[in-house]
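In the two complexes that follow, chain A is the common piece, with chain B as its partner first and chain C second.
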Partner chain A sequence: MRIRLTCLMAWIGLVLMPLALAQSSGVHLPKSVEAGNAFSIQTTGNGNAVLYIVGPGQVLRRNVQLGEATFFGPGEIHNAGHYLVVLVGASAPENGAFDVTAAHQAATLSFLAKPSRLPIDLHDGISGVVYLFDAFHNLVLSPAQVSFQLSTGPGALQTRTALAHFGVAWTKMDSATKEGSAQFVARIGDVTSTRVIQQVPGNPCHLVMTARLSGQRLAVETQPVRDCSGNSLPDGTIVTFTETYNGGESTVDVPLKHGIARTDMPAYSGAKLSVATGVFVGNEIRWGKE
Partner chain B sequence: MRRRNIKRPLFLASSLFAAIFALGSDQPSVRVERTAAVGPRLLEKQTEAAVIRDYLQAWQTMGVALEQNQAGLLDADFTGTAKEKLTGTIRDQADLGIRTRYRDTSHDLQLVFYSPEGQSIQLVDSVEYAEQILDHEKVQTTQHVHARYVAVLTPTEVRWKVRIFQAESE
Partner chain C sequence: MTIGRFLAIIIAATTVALIAVATLWPPQSANAMAGSGVNLLRVSSTPQAAVDNLAEAIGGRAWDKAYSSLANKNEFTELQFVRDLTGTYPSLRTYATLDSYDLRPLHATDDEAQIQLKLRWSSVVGTFLDTRDLRIVRSGNRWEVAWPIVKEPRVPPQVVPVDYLRWDVIYRGTEDDWGSQDVESPHVRIVDMHPVDRSGGVVIMGELLNEDVVPAFVTVKATLLAKDGSAIATEDSFDKISHVLLPKQVTPFLIAFHDIALSEVDSVHMDPSAILIAASADPVIGIEDQHLNPAPGASLTGKLLNQSGQVVNVAHVLGTFYDKSGQLVWVADQYVDRALLPETPVSFSISLPADIAAKVSSERAITATYSSSRLQ
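Now for the complex of A and B:
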């Protein structure tokens, strides 16, 4: 019981100690300071002392004259955080603490837009996350309205606003129905950050090939390959032509060029020709007689 | 008699701090507040456990790095702004002949945001720790601190690293 009482007293002492020190302290601290702002710490007493300001974000030590104010210039303490203050003089050290807070206004945005490339016409396919920082790269923790804009061309604009909590805001946007690059902008006040999103055609919807005899071989060629919205698939998309004949099979992969893939293949009478891109299969052609 | 009564709790408090630093290997108590939603992305149990494990490890790493003034130790658990700022603090400490000891004793964690693509996760930590300041090996003060930290972690090849680490005013 006695031990418990002692422990209780110790913890009460622990809780009350900063208060007691604050009352009898020879150092007068601001409760909080905005990062980068000038401020002063007033001390009382006579003689010389050493003033420590220590936190994970920054450490300072100053020789001070007791009874005078010690000034800290603009930018001197610029990292937001919780700082302990110790004044060590001839008598017992005086302790205290204060907070350095981020500025209320964001100076820079860290904007992450994903993905950088996606198919058209995708609901909530684009995400944007923005972190708000002040001029000293402290996270701005005051609530703030962030606006997001995704513009995909004249008249095509999506706008969202989001409230930043703990310095972060996010949104989701739809990709456009037409291919092309989109400007994705995050804005707070006069501060903006822009990312470019490439919107590419979706899955192919129209894949038709034709074949004609060209000398001893067959010239095969697709019509312009398009998605369901009529956008041409990007050049470089691989189109696979397959010819099966008499139990054998030959395959040619051809990249789209100007929306069209073309190649030539052996002209076997009775051969079956097929075309595909990705998992989408186009038409088939049976050549000549079986 | 009265004077003795005032001094005794202070003496005991100091003893407790000394014990905390002497028994520095003690694990801090950890409480995680369940959050219904952490933004646009579902947070898997395994991810949550990994984030908390790596965040707590970052505290240990920070403690050792600031005590030994070895910025290189931060590489394992910190990245980006958090690493740059802590590295700056260690550089200043070394220049001044100062070392600091941080011993976290309890964490009250709340995961508040998990980004849509899983590229960042944010937590708020109501943390208690003992902080000791040494100037040329002389202990100048030992204090008990209760603060609220906001941290953002990002995934790397093998672990989550702390990218933003900032105490906020409570």
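Now for the complex of A and C:
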């Protein structure tokens, strides 16, 4: 029993001896490094070793002389995140870790402007969300002021500012009362990103048709169809003409072309003609006599 | 011999016997569908046999045989006869096959008879009926059919100026930044929806509006939910909808759930979807002379008038039916089997269930069209 215990103690001593020797080498790491910046790692001890740096999407391997500093140039480590350092030499491996942070200044903006097309005169209808990234596409987490501008033409400008938290800033804007394309710009410092918002006419508000005899048929056509702000509805908008007579009915779906819709319908004396687009109903005409 | 082996022999022998019987004495409708009836024609010794022979020749697309058997060949050419049955321009008729036919004697004398022939054609969108009242005349000891030719009108050569309007779409590319804009999907809205219990199932009808300024390819999906919130079934409108909706256009839709009682349903989740597509604003189709015909044989009839210069190969008419209070009570449809030529009216008829027809006070019809030239 005593012999066995002695052998066990000797074996433990042999195993632990290299670990005790390994304490003679080590690494001194920076607590954090800004992405893309140059930095160095100081090692202690004597002899040669291999330094591994393992991080998000990146692994570096360097042969180092223990006791000297190892330099990493600008841009060598560019992904923000937590990095693990392992020094492997003659003795047992040494471990350590440091963080790589995004730059404080945004270099690019990812600008999400929604929707890209909306009706006019909508309060808070346009939303803009900006994500701030540094030159290496790391999300910039430090607070920053972002300005948003929506311009729909000369003199029509909406401006908002928002503080970016954790790399994100957002705002909401109203659509204009006049149709057309609007430039939606997000800006931080000299960095800008532009989106185009198409502001389209709203629901029809003015739908009037006229009818006249054309040969054996009735030629019906609308006046220019407009929304409540006076904008012309775009070409292609469907206008439905309906004619009812003696228990019968005729209908035609006609697209607006050059702002008006026109078609031919059968001519029945006493017929009632009506016009509609979507769920909006226009005027009625009674043709001829009952 | 085991019982199993004995049964196997019996089954094999019966199968061989049935195949032999069906080969030697095939049914008439099978002849018509197989196109082999030409060699098995009976002598036209009676008016019915003459019509049978003609129908079988038509079913077998034996145009020479069918045309040569007619009594009034001097009134039209074989090409006109074929075009009467298959259409001059590509349409549902062109690719349809004869599914079956029925004869109904109307009148008969020693030398002349009248028989109604109902040809039931099968197409990719279902069957359609072609009904002809035939006059059959005696010629010696045999009978011949006088075919009531329907000559498709010809459009005179002309140039039709069209103020063409279409939408083309450029989508974002795969190489664009993830924050880059893409074209906005069209905004559509269900403006009316009614679930009803019908024929041992649930039918959901409604209307969908494209409230945007761009064309949309639309579908409507409905999910029936039980009281505990679980989904009972999900269906979509398939072809009971006009899938291409131009700006401010409204389409009806109908979704049928079979073998589900409305009492089992607590709520319905509607899911309309719209995709921005390239589309054309033409052709414009007028729907004229619409009439609601009461039961029996309740229907909505009318005529389609193609107001554009483009030939429409397939037209789909959807009818939306309302009661006196303006509430939607039914949605029905019909495909038109003939091509729509410019400024040439083509009739349509949408059948209505008798009980629904009694409630209907007004209707609205729309058309969806398909032109082969648009696909090129």
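Simple rule for what comes next: the second predicted complex is superposed on the first by the 264 of 290 C-alpha atoms of A that agree within 3 Å, B and C clash if a C-alpha of one lies under 4 Å from a C-alpha of the other, contacts with A are read in each partner's own complex, and residues count from 1 in each chain.
What we mean here is this: contacts are C-beta pairs under 8 Å (C-beta built on N, C-alpha and C of every residue); 3 or more make two chains touch, one makes a residue touch a chain.
Since we're looking at a predicted model, the values are computed, not measured.
One more residue to check, A:57. First (chain B), second (chain C), both or neither?
Touch status of A:57: first partner only.
Check whether A:127 is in contact with chain B, with chain C, with both or with neither, and answer first, second, both or neither.
first
Which partner does A:156 reach: the first (chain B), the second (chain C), both, or neither?
neither
For A:250, is the partner it touches chain B (first), chain C (second), both, or none of the two (neither)?
Second partner only.
First (chain B), second (chain C), both or neither: which does A:208 touch?
A:208: touches no partner chain.
Once chain A of both complexes is superposed, is A:112 in touch with chain B (first), chain C (second), both, or neither?
Both partners, chain B and chain C.
Examine A:168 and indicate which partner it touches, taking first as chain B and second as chain C; both and neither are also allowed.
first
Considering only the touch criterion stated at the top, classify A:278 as touching first (chain B), second (chain C), both, or neither.
Only chain C; A:278 stays clear of chain B.
On the A-aligned overlay, A:69 touches which partner chain: chain B = first, chain C = second, or both, or neither?
neither
I'd like to check the shared interface: which positions of chain A are touched by both chain B and chain C across the two complexes?
On chain A, the overlap between the chain B and chain C contacts is residues 112, 115, 131.
Report the residues of chain A in contact with chain C in the complex, numbered from low to high.
Residues in contact with chain C: 109-113, 115-118, 131, 193, 195-196, 200-201, 203-204, 233-239, 247-255, 257-258, 263-266, 277-279.
How about chain A: which of its residues touch chain B in the complex?
Interface residues on chain A, with respect to chain B: 6, 9-14, 16-18, 32, 50, 52, 54-61, 79-82, 84, 86, 88, 93, 95, 97, 99, 101-102, 112, 114-115, 127, 129, 131, 137-139, 141, 165-168, 170, 172.
Which bits of chain C are touching chain A when the two form their complex?
On the chain C side, the touching residues are 163, 165, 167, 177-179, 181-184, 191, 209, 211-215, 246-250, 281-282, 284-292, 302, 307, 363-367.
Within their complex, state which residues of chain B touch chain A.
Within the complex, chain B touches chain A at residues 8-10, 12-13, 15-16, 39-40, 62, 66, 81, 85-86, 88-89, 92-93, 96, 98, 100, 102, 112-113, 115-117, 119-120, 122, 124, 131, 133, 135, 140-141, 143-145, 147, 150, 152, 164-169.
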